[in-house]
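Paired with subunit B in one complex and with subunit C in the other, subunit A is shared by the two complexes that follow.
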Partner chain A sequence: MNRRDRQRVGIFLGMVAPGLVIYLFIVAYPIFYSVALSFSDFNPNAGGAWNLIGFTHYQTMIQDPYFWHSLKNNMIVVGVSVFGQIPLGLLLAYILYRKMVKGVNFFQSMVFLPQFLSTIVIGLLWRRMFSADGPVATLMQWFTGDPRAQFDLMLQADTVMYPIGFALIWMYTGFYMVIFLANMQKIDGEMLEAAMIDGANEVQVFFRLMVPLLAGTILVSTILAIAGSLKGFDLIFAITTQGLQRNNAMVLPIYMYQTAFQDFTNPMRFAYGSAISNAIVVVSFVLIGISNWVGKKLDPEEV
Partner chain B sequence: MLAKISPILAYGVFLSWALITILPLVWMGYSSFKTNEELVRDIYRLPNALIFNQDHEFQVIARSLNVVLNYDPETDPRERIILESTTVAPTRRLMVYFLIKEDMPPAIQALVPGDKLVLRDLPFGTRTRIGWEMIWFNYSSAFIRGTLAQKFVNSLIYAGLGTLFIVFFGLMIGFSLAKLGFPRLSKVISALIGLGYLLSINSVIIPLFLLLRRIGLTDSHLGIILVYTAFGLPMSVLLSTQFIKGLPDSLIESAYIDGASTLRTFVSIIVPMTIPVIITISIVNALGIWNEFLLVLVLASSEATKSLPVGVFSFSSLTSQQLGWQLAALVIAVVPAMAVYFAFSKQLTQGVVGGAVKG
Partner chain C sequence: MRTKRFATLLVVLLAVAGMVFAGGGGQSTAAPAESKIVVNTMAYGDNSNAEGQSWVRIVESFERQNPNIDIQYELLYDEAYHQKVSARLAAGDVPHLAYMGADARWGAPWSESAQQVDHRPFLDGNYYDLGLIPPMGSNGEIWEIPLGTSNITTVLYMNGALVESLGFDTPETYADLVAMVPAARAAGLTVVSIDGADGWAWGSCLMSTFIARLSGDANWVSKAVAGQYKFTDQVFVDSLNLITRMVNDGVMDESAVLVDYGTNVANFSNGKALFMVQGQWAAGGIDPTVAENTLMLAWPQLPGEKPATAGTVAAAIQVGYGLTKAGAADPAVRDAALKFVQFYYSHEETAQRLIDGAIVAPILKNFQVPAELPTINKRKVTLAQTAGVTDVIDAFLGGAPNDALNAGMQQIAAGRATGTEVAAEVERLLGR
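Moving on, here comes the complex of A and B:
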């Protein structure tokens, strides 16, 4: 290596270094730290020393009813986004794409808006909307004529996920709509016109032509939806009040947060919390694998 | 048949969707100008008591320890007449106004504690001043009692500096990977950074907290900005590498021939040409940081480092009886994001489509 080459390497490394160092230190290193922590007996209440102790925390987790409860709620959230937000987003995008409504830009920016507002603020707003005697309850009183009607879905363990599901659809459908719309606009319009001339109606064009053509985009969106719903923390944290209600609606990231940062008497709080957050990653890889497999089964060529 | 119904159906779907999106926000907006009492009485009525309501009644109260003065009696000995609203949190000394006694007409100077008057009775100038203060009552209360001004500044610092570092470091790496040769090393680095796409702050929050605690960067602006920078880099590097690869090599070669150094080429040729990508990266990241919650919730233990979402959240748990204040706090957090959204919705859409935002 001559002097000029060495200088070039130096320049290259100098340009890359500041960002790369921060990245390795803050993003890459904690991944290994997290894995190690979940196999350790790190006790923050008794100094810093720690040993690797194997799968103990994962065994605790499998027997932990709260873990399964949170996982179940997380699966509901995944279901709402994969079978709610994505089909609705697809439908809305198709309506805009076919120009069935005027003011495409207006509608697009309205539906897309909640995506960019603070999830915490949205959660607090919907907590207010869904409170027992809040705006939604008042609407119910008008429609039913019963002045004492209350909105109690948030208060019961077996119904709390319905209003939360509604808020999730309200918040994120626009995101998928924009992705689908952009990909529809890349499709050759002549194909659709040919189908229309052959007598296909909108419903047939949508299901027979648009959905297969967008199979790849739908799969990518499904993966995004799964990953996003499994790590989503803010909305459910803000929409519920601390205590019983939040426990009823608990999802894995909230369980992880409560274990690590609120359960101060638990000496294994960071180790067990890391085990939970690694479980989130594992579950999302499994679900993404499944959706890839399903995608290939359904449409071996497109995907 | 279907062709006739479908436009109606399409409009129905979109209009109801737009209304469901907008109406909660509209309700939040106008309700933030209502008093607590109004919100309890009728949750949908338009605000009235605080909007230049000339019949708004006040009671003259005596100076006491629980009245927070807005002047310093040491330096300003002029006597005040203290008014408290009889409808907004009466006797709790939350809505209190001060009149300088010597500036008032005789009829008002004669009032003693216990007497009542309505807004209409005051002289015009005072009436207008107090009228405006009443309109912003919820907002000023939220700002002062939740120290939201400081949190607003913190959020600006996080979003501003975080975005600056993300753009600058991301562009430097993108330029090196795209134009400086070293194809194999570049591939390794871009794969390494690409892995960050799979991760979010939420998934490594525990090790991050322990790591930053060990080096003493929890509860500091620097620590929080570093984390935002690191997690914004993957997207910034990806977009800028793609974009800079598309720029012609001849530009850089001619700069070299003219004797410019690599750094100089970067600053004066690459950066100006990358502006469209810089704008997309900046807006998406600034909004993301502005709205981020968990990191600051975990890292910031003192009021001095909390961001606006965390401040609004803890304010709303502390003041669960003051609905009007809470709604005002929500509006304070949402309005800047909405302004950016409507100003840059085209770039945001491009950013989302280009893979800049993770779902």
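Moving on, here comes the complex of A and C:
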């Protein structure tokens, strides 16, 4: 290495160092700390010594029914996102792109509107919708003629995710619609016209042209949806009340939060919470890996 | 070449400067003047509620009168406050002064981090009525200065005018409540309203009194947590089963599990319920016209109740501001913090809290009760002075077992669990 190369390396390091230092302290350090903590009995609040206890927390976790309940709910959220929001967003984008309705700008704005609202506001709005004698219950009372009818799906563990899934679709579909719409604008319109001239109908154009052309965008959206679904905390936290509803709708981030920050009966709660958060990361990697694999199998060139 | 090097150097300097200045300075991070004593504080409230607004006003007023003291604070409310307390203590970022309690919910993080300080040596006996501040530690320690005397959590609010309009009087027994059901239903009213969507309301505001009444032991809960009793004991199961009975009798609606705190108070204020279950703090939220006719009662005689605890209410030690070990370590900071606390607990501010219904009664010596005290708050003081006091569940039972109990009671009310099942789950989570 001559003097000039050494100078270049110095400049390179000078440029990279500030970002690297920030990354190491803000991103890498908490990750390593969380992983290390999950293998220990350390409680940062109480202090004391670190004792490594191996996979104890992970063993506790896989025997914990609340963990599996939370994971199941997380998978439902992933399912709603991937198989609900994305297809619906794609369909709505296609309808708007093909101008199948009047007032395209109006519909585009309306579907995208929830993205401008705070998640907490949306959560509280839907909580009010589902409350006793709230708008949904009032509609039920009107339809059934029973003045005591109530919307009680939030009270049952096996039905709570229906209303929450509906709220999730309402909130996030507009986001994916805009992504798809933006990518559709880049597609050569003459290609679609040619297909129509050759006799293809709208359904065929959608499935045989549009979907394959947007395969890469669909995959990226799927990865975004999976990552967002697994770390999703705010909407479900706000839409449910403390107690039965939140327990029913428990997802891993909320379970991790309640364990680490609220369960003072567990002296190793931070370590156990770290184990749960690491599990979220592992599940994310697995699902994103599956998405990539499926994407490549379906259309290796586009993806 | 030189220009290139200069440009590179400039970019690096700008990047470093950006890193340094990007942090900025917030409300509680502004650099104090050297001569000032800084009291780092965690305060409770937010800018949209009376607690937060009065906090800001009092701090500004104190700092004007004491220019050598800088009260730097972080103002948070509800869940955000509890979360931040845990996070700050875990990170070793301990404030000098904080809003805290001494029980399983408000005191647990401070106790766990060994940051509680016994305030007895620092309390001015000429200013505070030390006889009204209960011992909080096993050796009589006082971990914080409560804003008021005991905090009653199991009040039965009665809309006197509404009950009278249906031809009834103040209930003396549970059977009296049941007798009101047909007339109330015919009028489209709820007999007893509770914010059952909030899990904590079932434990703090209902079960705390049920278990004391049925067991005849005012301290049943603390003894159970200590291992003297079990939550699977028949008396606790019977107490839980009272919820089922109330729903079956129509005293409480099944839909109660869908009603949140705000709706509960609003329903009572709007004359949709004859009675409301809540803590004493809800008195301030009731519509003033309705409040004039609202009685604050202990629960009437319950089925299976023991005479030893008849007419009792559950009450916890009021929360307040307290020094931490970090704050007590430096005498200058400690004295400044205690001076501020005394200012915060002034007779004028305490009188306002009393009028607002935020506290039951003050802990100050020679306190003059304001003449303009609303009727409902006078009734609150009467209740506090006349009713015996029992344990509040979540003052002793915390974490996962308490969450399971709260959610379990909601399930019982919704007809989806039995008292036996819920009691067994609580005992299982206690892991003994």
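To be clear about the criterion, the second predicted complex is superposed on the first by the 273 of 303 C-alpha atoms of A that agree within 3 Å, B and C clash if a C-alpha of one lies under 4 Å from a C-alpha of the other, contacts with A are read in each partner's own complex, and residues count from 1 in each chain.
One rule holds in what follows: contacts are C-beta pairs under 8 Å (C-beta built on N, C-alpha and C of every residue); 3 or more make two chains touch, one makes a residue touch a chain.
Since the structure is predicted, the reported quantities are computational estimates derived from the model, not experimental observations.
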Of the two partners subunit B and subunit C, more of subunit A gets touched by chain B
Figure out whether A:270 sits in contact with subunit B (first) or subunit C (second), or with both, or with neither.
both
Look at A:135 in the shared chain and tell me whether it touches subunit B only, subunit C only, both, or neither; answer first, second, both or neither.
first
Have a look at where A:40 lands relative to subunit B and subunit C in the superposition and call it first, second, both or neither.
neither
A:107 in the overlay: touching subunit B, subunit C, both, or neither? Say first, second, both or neither.
first
Tell me the contact category for A:217 with respect to subunit B and subunit C: first, second, both or neither.
neither
Name the contact category of A:261: first (subunit B only), second (subunit C only), both, or neither.
both
Determine, under the contact definition given at the top, whether A:247 touches first (subunit B), second (subunit C), both, or neither.
second
Which holds for A:15: it touches subunit B only (first), subunit C only (second), both, or neither?
both
Which subunit A residues come up in both lists, the one for subunit B and the one for subunit C?
11, 15, 18-19, 22, 133-134, 242, 257, 260-261, 270
Which positions of subunit B touch subunit A when the two form their complex?
2-3, 6-7, 10-11, 13-14, 17-18, 20-22, 24-25, 27-28, 43-44, 169-170, 172-173, 175-177, 180-182, 185, 189, 192-193, 195-196, 198-200, 202-211, 226-227, 229-231, 233-234, 237, 262-263, 266, 287, 290-291, 293-294, 298, 308-310, 312-313, 316-317, 323, 326-327, 330, 333-334, 337-338, 340-342, 345, 348-349, 352-353, 357-359
Contact footprint of subunit B on subunit A as seen in their complex:
8-9, 11-12, 15-16, 18-20, 22-31, 33-34, 37, 91-92, 95, 100-101, 106-121, 124-126, 128-129, 133-135, 138, 170, 172, 175-176, 178-179, 182, 201-203, 221, 224-225, 227-228, 231, 233-234, 237-238, 242, 253, 256-257, 260-261, 270, 273-274, 277, 280-281
Inside the complex, what are the residues of subunit A that reach subunit C?
11, 14-15, 18-19, 22, 43-47, 127, 130-134, 137, 147-148, 150-152, 154-156, 241-247, 257-258, 260-267, 270
For a test of understanding, state which residues of subunit C touch subunit A in their complex under the given definition.
8, 11-12, 15-16, 19, 82-83, 86-87, 89-92, 104, 108-109, 112-114, 188, 197-200, 202, 253-260, 263, 398-401, 403, 406-407, 410-411, 414, 416, 429-430
